[in-house]
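Quick one: this structure, given as C-alpha cells, is what I'll be asking you about.
Letters are used for the chains, namely A, B, C and D, taken in the order the chains are written, and counting of residues starts over at 1 for each.
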Amino acid sequence: MTTTAATGTELSGSKASTLGANGGGDEPILDISDFSVVYRTDRGDVRAVDGVNLALHAGEVVGLAGESGSGKSTLAYGSCRLLRPPALITGGSVVYRGRRFPSGVEVLDKRPEELNVLRWREISIVFQSAMNALNPVLSVGDQILDVVEAHMKLSKDEAVERVASLLDFVSIPRDRMKSYPFELSGGMRQRVMIAMALATEPEIVIMDEPTTALDVVVQRDILAQIVELKERLSFAVLFITHDLSLLLELADRVAVMYAGKLVEIASSEEIHHEPAHPYTKGLLNSFPSLRGPRRELAGIPGTPPDLRNLPPGCSFLPRCPYGTTACQDIDMSLAKVATSADPDHVTACPFVLPGTPVPPRGTRSNGAPDGLQPEAISAQ
Amino acid sequence: MKAEEIAEPVQDGAVAIESPAAARGPLAMQAISLNKDFRLHRGEVLSAVRDVSFNLYRGAVVGLVGESGSGKSTVAKLLAGQERLTSGEVHLNGHPVALTDRRAFRQYKSEVQLVFQDPFSSLNPVHTVRYHLERPVKLHQNKRSKAELDPELTALMEQVRLTPASQFLAKFPHELSGGQRQRVSFARALAAQPSVLLADEPVSMLDVSIRLEMLNLLDDLRERFHLALLYITHDIASARYFSDEVLVMYAGQIVERGPAEELTQEPAHPYTQLLVASAPDPDNIGSILRSGGKRAARNVESAPRVTGACPFNPRCPFAQDRCRSEDPPLMRISSARAAACWRLDVAAPQLFHQSEGGVAHEGLGGPLV
Amino acid sequence: MAALMVDTGVTPPAEREREKRERFGWWRRLPPKAKVGALLLGFFVLIAIIGPTLAPYDPSYQNPNPSLSLNAPSAAHLLGTTQNGQDVLSQLLTGVRMTLELALFVGVVATVIAVIVGISAGFLGGMWDEVLSLLSNVFLVLPALPLLVVLLGYLPQKGETATILVLAFLGWPWGARVIRAQTLALRNRDFVAASRETGERGWHIIMFEIMPNEISLIAASFVGVVLYAIGASVALAFIGLADLNTWSLGTMLYWAQSDQALTLGAWWWFVPPGLLVALIGTGLVLLNFGIDELGNPRLRSGSGTIKVGGRWWGQTDPTPVLGHSQRRPSRVAAFLHSFSREALTERPTEVAGPLP
Amino acid sequence: MRFIVRRLAFYAVAAWVALTINFFIPRLMPGNAVEDIMSKFPSLQPSAYKALEAMLGVGHPGSLWHQYVNYLYDVIHFNFGTDVTEYPAKVSALLAQTVPWTITLVGTATIIAFVIGTGLGILAGWRSGGWLDRVLPGLTFLQAVPYFFLALILIELLALRAKIFPLGQGYAGGDIPGWNWQFISSAVYHSLLPAFTLIITNVAGWMLTMRNVMITTTGEDYVLAAQAKGLPHKRVVLGYAARNAILPQLSGFANALGFVVSGAIVMEIVFSYPGVGLLLVNAVTSNDYPLMQAIFLVITFAVLFANLIVDVVYVLIDPRARARSA
C-alpha cells in the first residue's frame, strides 16, 4: 500500500470502523475453553491452570486478577504457547478469530513455524519488566524494526519511518531510536515495549503487569497512554495484574483467578459493587483507599494452597471466612449470579450471594485456618 | 497573597512543627538535619538526603512516602547506622548518638532495629530460622544456654504468629512463603528488644492479599511493645491507613509533612497532590483511564537536578521563575503541617481561606488532572 | 558416558523410589556428571593410597637381564617392562600417588590464597579491593607455563616442594577473581546488612554468613586448581623440569619419550600414564560441571526438555499440547508447506494499515 | 575512550610486573648463575663474564635500584643482550627468527578452535537436550588429555605409520625460507598436524562454556520476547540469544589466552617446531638464562597484546561497555 510522501507510513485509526461491522458480534476474538496447563516436576504435576474458560471480544479490556502463583500469567502465556518446559498444555482449546482469520484458528493445533504467523502480528505482549524483555545489546529502534521486518512488507526506509512514527506515538523523541535499553529510564523502556507491541497493529495485546515495577505517577501516565492508544487503534487487551483496584478503573470486565481456576467474572462495576466470591471480596478488602472513611481492613489471611495437593472441593476453603463443610463437595464450576445486574456475572462460589458483609477482623490469629464458620452463611 | 505571607518558613522542622505522633507517647528518636551525599564515579556528588528532620515517638507510626530514588531508604539506613551521615545528628532518648566503636554500635542496635524490604534476600539461605533468631537473643539478651534460649525463641515466634514454633524454627528460608519470611524478619528485629523499629517498605514485596495482614501484625507489635515505628513506603494509601504522621519525600527532601488524614485528604504540595491523584482508586470507576485517557502531557522523566531551584519545578504545573531560581524551605501551614513550596497559595488555596484547623472536604484532584 | 546422562527431571518417581531417594539423598541428588566424575576420582584416590603397597616390583629396579627389556604385557609384567627392564605397572601405581599428592597440595595452598584474597577484596572494598583485584588480574594474564619454566629453570633442585610452591604461586588468581565477584554480590544482599543489624562482627559475618554461601564456588575453584596442577606438573616433568629420579605420571612420560618408547612400538610404556592423566582430568572436569549443575539445575543436560507425543520439546519450542502430535516437519516438508494454500493465506500480505 | 585508557593502564601495570619479576628472579634464586654459565660453556671468553653479569645483574656494581633502571632501559630498547649458546648471536635476533612461527600457528589455531567451539556451543545450548548436548560429557575427555600426549600418538599414527603428515619441523629440510610458493606450501603442510591437535584439544572447552552461557541466556526474558515477536528462528538464535551469550565467552577467552600459549610451548617440543617454545626449552636445558628471560617477556607481551585486542572487540560488541568507555 502506498502512503503519502509527506508523512510516510502511519498507524491507522480506521481499524475501529472496520471492526464496527462485527465489533458488537457475539463471536469472541479469543476463545479460551477448558484450558489446562501443568508443570511436570519430580514431585508431581503442578496444576497451574485448570479448566479455564475465558473469552475476549474485539476492542475489549479484560482484566485478569489474582495473587502470584494463581496461574494468571500461565494462562496468558499458555494461550500463546510461550511457556517453557516443564510446562505442558493438557487440554482445552484456544481459538483465535481475527480480521484475517474470520473462520477461526485453533492455536493448540499449530505447528511451531505456523505459530509465527499469529505471534505479534495478531497477538502481542507487553512484558512485566521492560528491562529484562528488551535485548540489552540491540538498540530499541532495531528491536522494533525486527518486528516490522518480520511481519510486514515494507521497504527499509518505510520500515524505519514506521518505527519512528511508533515512537512518536508513545511520546518518545525519534532520535531515541538509536538508544540502548540501559540508556532509557524505566518509564521510557515500558513505552518502548508498548510501541513495539503496537508495531504490527495486532488485534490483541496481552499486558503482563506492565506498570508494576514503576512509580505510581509514571504508572498512571503509562496507563492513561495505553487507554488513549486503545481508543485510537481499538485492539483488545488482556490485562494481567495483582492490583485489583487498578483493574476496576481500567477494565471493561474483570476475571479473578485463584489456585489455577477462575472464580469470578463480571463487569468492573459489578465486581466493585457486588462481588460474589469471597476471594474477590478479600482482594477488594486488601487495598486501603485514599478516599472515603478510614476503615479497618483485613486482607486475606493464610497462604495459597499447594497446587500439587489441592484440598477437595473449593480450593479457597481453608482461607474462606464463609466456608462450610458443604464447600468440600463443590466442583468450582462457574455459575450465573442471579441477583446481579450484569447478565454475564459468573462465580465459582454457589453459596455466597452478592452483598454478604465481610466478617469483622480480629477473630483470626495467623494464617492457619481457624476451622469453618457456618454461622457466616446462616447470617446471610 | 504570597505563599510566604500565609505560611512562615520553618527554621527547625523537628521543633517548630507539632507532630501528631507526639500524642501517643514520649519522644524516642530525633533526626536533626540529616544529610547524605554519595560520591559518584565521575567526581559528581549526589545529595541523596538533604536537611531531613523529624521525630519518632513511642507507640506512634510515622509514615515516610516517596518514589524510588527519593532517598527514603537512605534515611532508614542513616538512622539504623548502616550508612554514615554526611552531616546532621541523630538523638536517641534525648542523647546524641555516636557510633564510635563496636560496643556502642551493638548497644545502639539493641535500641534501634531495621526491617528490610525483601524477605527473600534478608534471610541467609544457608541458615535455619532458629539460627536467625538465636543470634540476636544471644547477643542482646545474653541468653546462652538452650534452656534459656528455647522459651525466648518460642515466645518470639508466637508474637509474629508463626506456630507451631518448633516446626518453623527448624525450617530453612526457602521452605517458607514470602509472608512467613517477613514474619521471621520481624521476630529477628524484636529479639533485640528495640524501642525504635524502622520498617523499609516491609510489605511491598509481598502479595497484595497478605499485605494488610502484615501491616496489622506490625501495628499489633507496635502497640504491644510500645515501639516507635518509622514506616517507609511508596504507597500513600497504606501510609494513610497505617500512620499518625506522614512525611512526603521528593529528591532527598521532605516536601510536605502533616497528620496522615489531613495530608492525604487535602495535600498542599503539588507533588503530594500528584501522588494522591495517581494512586489507583477503585472508587473511581469512570476515571481518566476509562474515559478515553485524556493525558496531561507531563514531563515525568526525572530532569537533571539543578541546585538552588525547587527540585519539583520541571514537573510542576504551578512553577514560576522563583521556583527555578530558589529552593523553597519547609513552610508552616498550620500547627502540625508544613510544605516546601513557593506557590502554596495557588496550589492549595482552600487551605488558607479556611480558619486554621478546619479542613475543606472537596477533593483536590482538579488542578492536575 | 552418554548412556549415563538419562534425564531424571521428567518422570514422576514411584513411592518406593522416593524412599530410596531419602536414604541415599545426597548421592541421588548429584547430577550424573558429578557422579561419574566422583567415581572416577574416587578410584584414583584409592590407587594413590593403596597403590604403592600393591606394586609387584620396585618401580626403580633395573633388571640387568637384557631379555626383560621392553617386554610386552605378560602374566609376570601385566603392563610390560621399560627399556631398563623396570615394571610399568609398579611405576604407574607409584606415580599416581605422587601426581595426585602434588596436585592436592597445590590445590590446598592456592585455594587458601584465593579465598583469603577474594574474600578480603570483595568484603573490605575500597583500596583493598583495587589493589588485590589488580594483583589477581595481573597474575591472571601472565602466561603461567613460561613463567614456571623460567622459575624452575633457575632452581638447582627441581624437587616436589619447589614445584608445589611455584605452581601454587601462579594458580590462585582465577579462584580469587570468582570468589571476589561472588563476595561482592553477597555483600550487597540484605542478609549481610541484617546480620549487621543484629550486631555481628565483621569476622563473624565473613565466616558464618558469607563463606557458607560460597562453598560450591570454593569447591569448584579447588577442583579447577587441582586440574591445572596436574596438567602443568605433567607438562613440566615431560619437559624435564622435575626430579627425574622419582616416579610420577609426568616423569614416566618423560622417560618413555626420551627412550623413544613409541618409535620402538612399546605402547604399553607410553600410553598408560597419559591415559591415566586424561582420566583423572576427565573426572575433575566432570566433577566441576556437576558442581555447576548443582548451583544452576538448568545446566543439566536435558533439564529444559519434556517428552510429549514421542518427541522432545525444548526450551525454545512452543508449549507442547497433550494428545496433539505436532511433529516438527522436515525441512523438505516445511519448504513444500510454504507453497500450500494455507500458508499463502497466512502470509503477511498487508503493509502498514491505511491512513486515518 | 576512558575504558580503553583504563585497560591500557592495566596492561602497562601487568607488563611492568612481568618485567620486575623477570628482573628479580635471577637475584632471588640460589646459586651463582654466571659461574654456572661460565663453567658450562668453556668456549666463552672471560670478557663474556662482564656481559653476563650486566644481563643478569649478579655481582654488578651499583645499587639494586641503579641496576633496575638500567635493566628497564635495555628492555625498552629491545636490547636483550648476547646469547650464550650461540655466542655471540644477539638474543633479539634469535627471537625474530622464532616468534613469527609461533604467532602464526598458535594464533590461527586458537582462533579457529574458539570459533568452532563457540559455534558448537551455541547449537548445544540452544537445543539443550539435543544429541550434541548429549555427547558433550564425552568431549571432556578430549579437554583433559595432555596436549603433548595426544600429539605424540597422532604423530605415531598419522605421520610415522600412515605417513599422511610430516614428522615435525616447520618446513621441509631442503626448502629455503622465503616468500615463494614452495616454502609457504611446505610450511602450511607442516603446520597442519600441530594445528589440528591444538584445535581438537581446545574446542571442547570453548564448546562447554559457551553451551552453559547459552542455556542461561536462553532463559532470559528478551529471548522469550523475541520468540513471542514471531521472529525468524535464525534471528532469535543469533541476534538475541547468541549475541548476548558471546560476551562472557569473550571475557573467558581473554583470560584463557595465557593457558593456550602455555599449551603451545609443549606442542613445539613434540613437533620440533621452530618457534619460541622450542627455543625456551632448549634455553632451559642449556641454562641459557638471558634467553630464557627474554622469551618469557616476549610471550608475556604477546599475551597482553592479544588480551588488549579481545578487550577492544568486547567494547565494540557490547554497547554498555561502549557507553562506559565513552
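Methods note: contacts are C-beta pairs under 8 Å (C-beta built on N, C-alpha and C of every residue); 3 or more make two chains touch, one makes a residue touch a chain.
The structure presented is a predicted model; accordingly, all values stated were derived computationally and were not measured.
**Student:** Show me the overlap between the contact partners of chain A and those of chain C.
**Tutor:** B, D
**Student:** Averaging the CA atoms per chain, pick out the one whose centre lands closest to the mean of every protein CA shown.
**Tutor:** C
**Student:** Would you mind checking which pair of chains has the most C-beta pairs in contact?
**Tutor:** Counting C-beta pairs in contact per chain pair, the top pair is C-D.
**Student:** Just curious, how far off is chain D from chain B if you go by their C-alpha centres, in Å?
**Tutor:** Those two chain centres are 57 Å apart.
**Student:** Go ahead and note the Å separation of the Cα centroids belonging to chain A and chain B.
**Tutor:** 32
**Student:** Rounded to a whole Å, what is the gap between the Cα centroids of chain B and chain C?
**Tutor:** Spacing between the chain centres: roughly 50 Å.
**Student:** Enumerate the residues of chain B that touch no fewer than two other chains.
**Tutor:** none
**Student:** Residue numbers in chain A touching 2 or more other chains?
**Tutor:** Residues 82, 84, 113, 115, 117, 121, 151 of chain A each touch two or more of the other chains.
**Student:** Which residues of chain D are in contact with two or more other chains?
**Tutor:** 219, 227
**Student:** Show me, using the given definition of touch, all chain pairs that touch one another.
**Tutor:** Every pair of chains in contact is listed here: A-B, A-C, A-D, B-C, C-D.
**Student:** For a test of understanding, state which residues of chain A touch chain D in their complex under the given definition.
**Tutor:** 80, 82, 84, 113, 115-121, 124-125, 127, 129, 132-139, 146-147, 150-151, 180, 182-183, 196
**Student:** Enumerate the contact residues on chain C facing chain A in the complex.
**Tutor:** 8-10, 12-13, 304-306, 308, 313-324, 326, 328-329, 334, 337, 346-356
**Student:** Name, in rising order, each residue of chain B that touches chain C in their complex.
**Tutor:** 80, 82, 102, 105-106, 109-110, 113-114, 116-118, 121-127, 135-136, 139-140, 185, 188-189, 192
**Student:** Would you tell me which residues of chain A are touching chain C in their complex?
**Tutor:** For this pair, the touching residues of chain A are 1, 3-4, 7, 9-15, 37, 40-45, 78, 81-91, 108-115, 117, 121, 151-154, 158, 162, 201.
**Student:** Which positions of chain B touch chain A when the two form their complex?
**Tutor:** Residues in contact with chain A: 67-68, 161-163, 177, 179-180, 207-213, 216, 234-238, 240-242, 261, 264, 274-285, 287-290, 292-295, 297-298, 300-302, 363.
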